[in-house]
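First the structure, which I've put down as structure tokens, then a few questions once you've had a look.
First chain written, first letter: the chains are A, B, C and D, and each begins at residue 1.
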Amino acid sequence: MQRIPVGLVGVAGYTGMELCRLLAAHPELELVRVTSRTEAGKTLGQILPHLHETGLAELVVTAPDTQDLAQACKLVFLAVPHGTAMDLAADLLRKNVRVVDLSADFRLRDPETYSQWYNLDHRHVSLLEQAVYGLPELYGKEIAGANLVANPGCYPTSVLLALAPALHHELVNPEDILVDSKSGATGAGRKPSTATLFCEVQDNFRAYSLGRHRHTPEMEQEIGVLSGQQVQLSFTPHLLPIGRGILSTIYARLKTTASSEEVHALYRDYYAQSPVSARWVRIQTPGVWPETRFVRGTMYCDLGLLVDQRTKRLLIVSVIDNLCRGASGQALANANLMLGLAPDMGLPVAPMVP
Amino acid sequence: MQRIPVGLVGVAGYTGMELCRLLAAHPELELVRVTSRTEAGKTLGQILPHLHETGLAELVVTAPDTQDLAQACKLVFLAVPHGTAMDLAADLLRKNVRVVDLSADFRLRDPETYSQWYNLDHRHVSLLEQAVYGLPELYGKEIAGANLVANPGCYPTSVLLALAPALHHELVNPEDILVDSKSGATGAGRKPSTATLFCEVQDNFRAYSLGRHRHTPEMEQEIGVLSGQQVQLSFTPHLLPIGRGILSTIYARLKTTASSEEVHALYRDYYAQSPVSARWVRIQTPGVWPETRFVRGTMYCDLGLLVDQRTKRLLIVSVIDNLCRGASGQALANANLMLGLAPDMGLPVAPMVP
Amino acid sequence: MQRIPVGLVGVAGYTGMELCRLLAAHPELELVRVTSRTEAGKTLGQILPHLHETGLAELVVTAPDTQDLAQACKLVFLAVPHGTAMDLAADLLRKNVRVVDLSADFRLRDPETYSQWYNLDHRHVSLLEQAVYGLPELYGKEIAGANLVANPGCYPTSVLLALAPALHHELVNPEDILVDSKSGATGAGRKPSTATLFCEVQDNFRAYSLGRHRHTPEMEQEIGVLSGQQVQLSFTPHLLPIGRGILSTIYARLKTTASSEEVHALYRDYYAQSPVSARWVRIQTPGVWPETRFVRGTMYCDLGLLVDQRTKRLLIVSVIDNLCRGASGQALANANLMLGLAPDMGLPVAPMVP
Amino acid sequence: MQRIPVGLVGVAGYTGMELCRLLAAHPELELVRVTSRTEAGKTLGQILPHLHETGLAELVVTAPDTQDLAQACKLVFLAVPHGTAMDLAADLLRKNVRVVDLSADFRLRDPETYSQWYNLDHRHVSLLEQAVYGLPELYGKEIAGANLVANPGCYPTSVLLALAPALHHELVNPEDILVDSKSGATGAGRKPSTATLFCEVQDNFRAYSLGRHRHTPEMEQEIGVLSGQQVQLSFTPHLLPIGRGILSTIYARLKTTASSEEVHALYRDYYAQSPVSARWVRIQTPGVWPETRFVRGTMYCDLGLLVDQRTKRLLIVSVIDNLCRGASGQALANANLMLGLAPDMGLPVAPMVP
């Protein structure tokens, strides 16, 4: 039986590599094009020796060419930097190819916010309306009908899934939310730099981009949608000496007198009614706090909740695998939805622990 | 459709956890019993929170009971220490259940060698003849007909797959082989001890059990079978500050004038004719040296080869995932073979890199 | 010349080991007694092979005996668990030996708070008044005259040094402070447990003790002293896959309109007027954010500051080495002060980077 | 009192950083010049924020200028790549400045071997005779009188100290020695590259430069001197996911019937008679195997020995800190000797464990 042909622009980075891992085992999608400006001409097995002798090994890397991609593929994943992605997306959409964009180019509805935070004017403003924010639990129906999906940022994925039920039920004050996030180093990409060398990251921990990380407006936008009001979010990202994984510790001022049990129940019910059939958001048992390894290699978002009566805050600990749920796995789930497949098709069932 | 019921004795250790990961996604086997003396009464989701809300979460852990296991299961995996496994195996076999034993109890054909290296008399000597050494590429046919499979040790798996073609073709002198192996810390098990605390292992590296590691006679036995002569092997294991992975660097005195290209070809051909259809042993392209991550989470054994004319030695670098190929994945492959299923059923296709 | 004899109760844990490292190079203090219930009879070189053939190697470990300690030592460091330390301290003080207690037993002024958070009644309430909280920059003069110093907790050290200038100058609202801290695994001690095994900590990250960590009342007490009002602090600790190091990210609601430059200046001035001559608190250049490695092996506390106009919060990033500044190094600095020596005598000058 | 002025060419790499750490605490040497082509004009505190507010912080980085270095310094450390170092050394020697060269440029006595392994013709052959190989235990007297010291490679340091007593006493056959070494990633330098990114090194292990590492001829040269015969060495380096540390596992064919106890005694005696008064080589107690952390931050070389009667081999495990003993610490010890100071002046006493 014929599988659906898909393409991947930008195979040499970590999100590209993760998509290869997932597509290698997908029963209905076939990766027929992989592109990379720097690696064109080599086979995938040559540039990624861990794929040697797998089904993807002989696929030849090409230079990105939208004409060729459009002829060969029904859907294309863009795993290239913001600024580069928007033109490719526009071009592919014009040629009737569906696009899942892993960059930030179509996440912000407001082009002015985009230019302010990314120091770049948006060149395809008309597409912003058409783009669907690819968080399946919140926008599952819209994704199913979309031609262009803006795959969410890794930090926003971990934060929005954690806050959605609380905001929906008005358990917390949206104006007093504070997010302290910690990410594994795959989030920093595969481009060589001194700051991401092994000897600079291992046995070390640091904060970065304080007060100015680009995922801030993305979270503010979606918290705004969920709460119906504009908010200013305190968000601080940190760099963990691990490969995969994001843990966000979220502090929100309580507006409710609901007990911890009631809050747990509201969270469980919220996700039981999610438009996607997959049950990726797991509310952990009270007293069990999510760890990044609990979700390694999967689409799970594990949440731990505490109603802290002492400080009148709701504490939420949220973990995802930044490469899988925070990028390529979510992109594949979105592709599944766009192509009418089961949302969790080709996605790992059990996390890799240890 | 009914899946084949299987059981797992010893779920709380790392090999038990890895079997759960793999069985959670297996299309034809159903895990119906998991046992642990210390955790009996809890659900699997309670003792392993990363399995919360997966298909295995509600399975209740029981105390090991061969009567119950025999009634419920067609095949049982033993993931308990040597010494404990042999009695359970004997009991289960008597009750007509097939057994894959992950311990060392049935690996050595000679009970005297067993008692000498394990300081323990073997209580089921008669079963030693019946047991098949579970290395699929070497004993695939015998495994398919076995009731009792002795799953190989992690170090021997990495070493024997690396040496088999060279010994078969008499490329090297079996009396002058030296193995320097390095293993991730999952190989040390999950029992609490000062020596395996995070702060003792991280940012550190050490050798251990010099001149007396228990996998030595196992390798000597199988090298003896492959070469037709008795050998003494120099084997030194080391503890790596990583979770999964074994890399063995093997030095063997050359007996051949074959070129590097010819040796690569002989290796490729040897495994192309393996009795199992799965192609898990990958001869990497000359110049590409295997890294432990290339095989993470999979059954692959990657080999790098160098005919070193300067020192007249064949150098082999061999990597496996010690938990998957070196233990639970290989156990599952053996179970597949014993039950007439495709050998690679339920085993991951692509390694998790990064 | 005779050096001053000191003793160490509890040499086998990480704080004991760190004190040995520092005392091995101290020009004026001589370690003459080391005790450990479990290791008594062995030499220090035997139980800590990294000290083999150093000046401390031949020191014989004894069982703790206050009579013997009092005869041999002028000052004793207690590196034993809370609950055990208080009786030893009382006994040693009675015998006219000065004590630096690294446990929590004398940190809280209020015995009721102690029993509430530590589930233990304090057996030496009268000593609480006498004990000085051993944070040299805040209590340098009192420490110099003390017989009993309560060495601060590691988290409180990182947090109080970060907040003292802001509270002193009333830059922030003491009732809206939130502390998100991350600690290396040495903070969890050296006692074997599954949760601190290498394979459970590496490539992983988690929060713990949410809403109920025992360092919370210690910080609330000292913030109370600094601000003149009782406060409730939101404090969440996390476990980092590194050995040494704490990074605290602190969010405090601004009460001032001071610019970022002014705040930096106030911080620098505050510590320039510290009662101890050592200059351990370093205000990093704006834009340079402290990393845990910047202070590895030393007494430094590095601070990064941001006046975040968007969210009206003061953001402070504070790093210390939890074993040196957060425990044994600070204990040694306190001993130096108590014995009339220069506060930084025997303490490393430059951090170990990389 | 005036300290002796010294300079450092190449401050931005890891060996330069390590020299800064050590010189910051040296009582008799004063670092008065640090150079870096890329960082000239900034202060040391700016490019290395962990030195912020230390005594070295205000030192301004200059572009390398031998005229200026010669005027300001009595001795200069060269921490630049091979090929670059030789011209600087020649120039400085001409200007009567002593030189400790941390590169490989003056380690090999034979210029042809140099050009063969380094693909570069030596431009200062006449200096090769004058250069002393800076391994203090073997060449302590020559170093004391030298103007040019070739600081040994990190791997050779760990291997030669391990083999010297065995070769001196003819315990082993110099023609059948095999060295399997593992190094921390600081050995790979600080230049950005994909292969040394955190996400490529962590949770991974690999061999590299099989059969062709440039430290091979250096070891062969010195083994030749020690044994009086030309040898071919099997040497395989590997990359460890740790910062500092080398562990070499050495296998040598026994020529002696000496017992393990006798071999231990011969080793201890050999180093007791070393020309340097410092006792850096520690023969660990039989049964205690050296770990890389045992020597972290120090000049120690710890050795573990086993006479393996089964395989007729002497097994030696040797560990050093590749940055301290294997590079900058050894360079400082050599400088101490050249300047008539105690060899261990300014070098740490106790390793940093944990």
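To be clear about the criterion, a residue touches a chain if its C-beta (ideal position, glycine included) is under 8 Å from a C-beta of that chain, and two chains touch if they have at least 3 such contacts.
In UniProt terms, the chains line up like this: A, B, C, D = N-acetyl-gamma-glutamyl-phosphate reductase.
A quick note: this is a predicted structure, and the numbers were derived from the prediction, not measured.
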A-C compared against B-C, more contacting pairs: A-C
Far-end chain from chain A, centres as C-alpha averages: D
Centre distance in Å when chain B and chain C are each reduced to the mean of their C-alpha atoms: 46
Euclidean distance of C-alpha centroids - chain A vs chain C, Å: 39
Residues of chain C touching at least two other chains: 14, 186, 199-200, 202-203, 241-244, 293, 296, 354
Contact set on chain D toward chain B in their complex: 178, 180, 182, 199-200, 202-208, 210-211, 232-234, 236, 238, 240-245, 247, 249, 251, 289-293, 296, 304, 306, 308, 310-311, 313, 315, 317, 354
Partner chain C, residues of chain D touching it in the complex: 14, 17, 20-22, 24-25, 46, 48-56, 186, 202-203, 243-244, 279, 282, 284-285, 288, 293-297, 302, 323, 348-354
Residue ranges of chain B touching chain C (in the complex, touch as defined): 14, 185-186, 190, 192-194, 196-203, 241-243
